[in-house]
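Got a structure for you, questions after.
Think of it as A, B and C in the order they're written, each chain with its own count starting at 1.
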Amino acid sequence: MNWEILGIWLGALVTFCLYSFLYRDNPFYKFAEHLFVGMSAGYWVIYNIENVLIPNWWQNMVPPEGGFNWVWVIPGIFALFMLARIVPKTAGLSRLALGMIIGTGAGLNMVSFFQTNAMSQVKGTIISVATGSAWDIFSSVVLVVGVVSGLVYFFFSKAHTGVVGKTANVGITILMVAFGASFGYTIMARLSLLIGRSQFLLEDWLPTIPRLLGLGG
Amino acid sequence: MRLIIPLAITFTAGIIMILNYFIPHQPFRLLGDNLQDWYLIVASGAIFLGAANLMHVHFRKIRLKLKNWKYSPVTIIGFLVMFVLGLIYGVVEGKPFDYLFLNMVAPMGATMFSLLAFFVASAAFRAFRASNWRATLLLTSAFLVMLGQVPIGAMIWDKIPLAKVWLMSIPNTAGQRAVMIGAAMGVVATSLRIIFGIERSYLGGAD
Amino acid sequence: MAGLIEKLGNMDRRIIFVLIALSVIIPISFNLILPNPVGAEPSRDLFEYVDALPEGSNVLVSFDYDPSTMPELQPMAEAIVLHLFKRNANVVGMALWPQGASLGQDAMSHMADSLGKVQYEDWCNLGYKTGGGVMIVRLGSSISAVFPTDKDNVPWSEIPMLRNITDLQSFSLVISLSAGDPGIIAWIMMAGDRFGVPIGCGCTAVSAPQLYTYLQTGQMVGMLGGLKGAADYETLVGIEDGQAVRGMAPQSVAHLVIMLFIVIGNVAYFSQKKKGGAR
């Protein structure tokens, strides 16, 4: 059996099942959709066992060279607490695990977001004031005015009237340009995915048909 | 009382991470390293929770014969096939688990999201209107990016890609940065509220 | 004429679907390839940074995506890995997304086979870990603590190329191929800003506009945005018939078709508005 061709046909089959949704919702689409969800979940669980639980937990708790590290029982119990959410009577235990996850994330995000997405961005805006050609200076001014007016637009503690209102209007204009760019890129992204699948069907799957029919290739 | 222990854990974990950032020396470094090692294990519990919940939902659908219950066995079998093959053969390249991923899961994932190409085109046709000057500006910006991103843009006029690069580097960066700084402030405020136990909504719903 | 415009304005969505499909299928069927000039784009910056790396540099490539964005990110992954191999870099792969571990393995082994590179001597795949940003911070103090084994459970100590790698600062460059969260932003925050490691990125077109801000601040050395970024890198590396380069022709035609739809939709809208019928 040619496993490569079988793989291509399996891929093509599920691709056609999913594309049938473009006509309307139908059993083929539903079949592939449910299969995708199930297989993806299976994949996630296996990778968690193979790449996380075995090397990072089990082999730390029960090292291959022997012994038993009791301290690693604690994260194991916390992970089990997460599963306790399934049973209504024990669901409260999941708060302990959630507390650890959320607390760690909050502590990390507080400093990281402030450093990377606030301070560094402010710094980047200030040092962008270039002294080059007239075009560079114009670009720098657009950047600084755009950032400041954009921030004013998001500042709701003061009514958007007078100077604040006018600045906020400049801000919304800059935001519109940014959203337009995002829209253009989004169209590109979605089409790229379609192109990828079309390339698979036309360049990988279609040439297998003459091969299967013994017409050369 | 039910909330005090989870809130204490949240506070302790949050403070350890902050101290670990500002004072990357002992004992905070050791505390931070251990917390981060444990975090990997506990976070993986969430994935098992998701999978267990998925199975629970589909078994329930079959038991109660809810809408579309006939497809639920497909999800369960798909899950079990990957799970059993993964346990038997592992995740090594070229083995059945890897084969099914590359030839079934990957094409399905890619196709599912490529459907959006059709819907985004349809939505653009129906909803993208130059109804005022700002909407026209948005439309112009989108057109410039769409042309500047593909070779045909340079064929129409060789300055289009340059204009796109400027638009992305200056006005787009300004707009995105304004949003980013505002959101960062929101994250800082929310994180502080979580660490100090003012924000507790994430603990809800588990009585 | 007015009747025709009205008809076009009320076009059935299935006609739009068919036209979009044809705009992609026809250029691919005729094997249409358009030249892809690479200007002063962030993709060139990333290429030049990688090209200037000394031989034997350690480079970490994080495959932070899944099949849903594979058509955009897999060609990038292959082109970047090929370039790194050509520069004789030690390529260490890992993933913040579970499915990225398999896709990364596919890209690395495919490119390694084409250049005769040996697994565990020239490249290795450490596999997937949970934890996103928290895990990256831990990599800053010890990588072997997070990855005691590689993807296939081969112990760290048995992988020769990892002998001189201890923490994130052992790497000359980290490249994240990112489809969202966790991904490039976590790498910039933790590896870049916290541990001072240079960061490069390949991302989906959807997330590219947001990431331009990190280019201007110097928090990223370069970026590949969407299929265009992938095509740029393929062109710069010299993959003349790469998947992304071939994708640029259907991408061009489909963009023109969508722009035409938007224009028709607007003409119909204003025509109806003139008659007082537009909503």
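Here is the rule we go by: contacts are C-beta pairs under 8 Å (C-beta built on N, C-alpha and C of every residue); 3 or more make two chains touch, one makes a residue touch a chain.
Keep in mind it's a predicted model, so treat the numbers as computed, not measured.
Is the C-beta contact count larger for B-C or for A-B?
A-B
Which one of the chains is farthest from chain C, going by Cα centres?
Relative to chain C, the chain whose C-alpha centre sits farthest away is B.
Which one chain sits nearest the middle, judging by mean Cα positions?
The most central chain here turns out to be A.
What's the distance between the Cα centroids of chain A and chain C, rounded to whole Å?
Each chain's C-alpha centroid was found; their separation is 12 Å.
Could you work out how far the Cα centre of chain B sits from that of chain C, in whole Å?
So the centre of chain B lies 16 Å away from the centre of chain C.
On a C-alpha centroid basis, what's the spacing between chain A and chain B, in Å?
Each chain's C-alpha centroid was found; their separation is 3 Å.
Chain B: which residues touch two or more other chains?
Those would be 17, 21, 36-37, 39-40, 43-44, 47, 90-91, 101-102, 105-110, 112-114, 117-118, 121, 124, 128, 139, 143, 146, 149-150, 168-169, 172-173, 176-177, 180.
For chain A, what residues touch not just one other chain but two or more?
In chain A, the residues touching two or more other chains are 22, 40, 43-44, 47-48, 50-52, 56, 60, 104, 108-109, 112-113, 116-117, 121, 124, 143, 178, 181-182, 185-188, 191, 193-194, 196-197.
What are the residues of chain C that contact at least two other chains?
Chain C, residues with two or more chain partners: 17, 20-21, 68-71, 99, 101, 127, 129-130, 134, 137, 146, 151, 153, 194, 205, 208-210, 213, 216, 226, 228, 251, 254-255, 258.
For the complex, give me every residue of chain C touching chain A.
Residue positions touching the partner: 14, 17, 20-21, 24-25, 28-29, 68-72, 98-99, 101, 127-130, 133-134, 137, 146-149, 151, 153, 185, 188-190, 192-194, 204-206, 208-210, 213, 216-219, 225-228, 243, 246-247, 250-251, 254-255, 258.
Spell out the residues on chain B that touch chain A in their complex, using ranges where they run on.
Residues 2-3, 5-18, 21-22, 35-54, 56, 68, 71-72, 74-83, 86-87, 90-91, 97, 99-118, 120-121, 124, 128, 134-135, 137-146, 149-150, 166-185, 187-188, 190-192, 194-195, 202-203, 206-207 of chain B touch chain A in their complex.
Which of the residues in chain A come into contact with chain B in the complex?
These residues of chain A touch chain B: 3, 6-8, 10-12, 14-15, 18-19, 21-22, 30-53, 56-57, 60, 74-76, 78-83, 85-86, 91-92, 94-104, 106-114, 116-118, 121-122, 124-125, 139, 142-147, 149-151, 153-154, 171-188, 190-191, 193-194, 196-197, 200.
Could you pull out which chain C residues touch chain B in their complex?
Against chain B, the touching part of chain C is residues 11, 13, 16-17, 20-21, 34-37, 39-41, 66-71, 99, 101-103, 105-106, 109, 127, 129-131, 134-135, 137-138, 141-142, 145-146, 151-153, 194, 205, 208-210, 212-213, 215-216, 226, 228, 248-249, 251-259, 261-262, 264-266, 269.
Can you tell me which positions in chain B touch chain C when the two form their complex?
17, 20-21, 29, 32-33, 36-37, 39-40, 43-44, 47, 90-93, 98, 101-102, 105-110, 112-114, 117-118, 121-122, 124-126, 128-131, 139, 143, 146-147, 149-155, 161-162, 165, 168-169, 172-173, 176-177, 180
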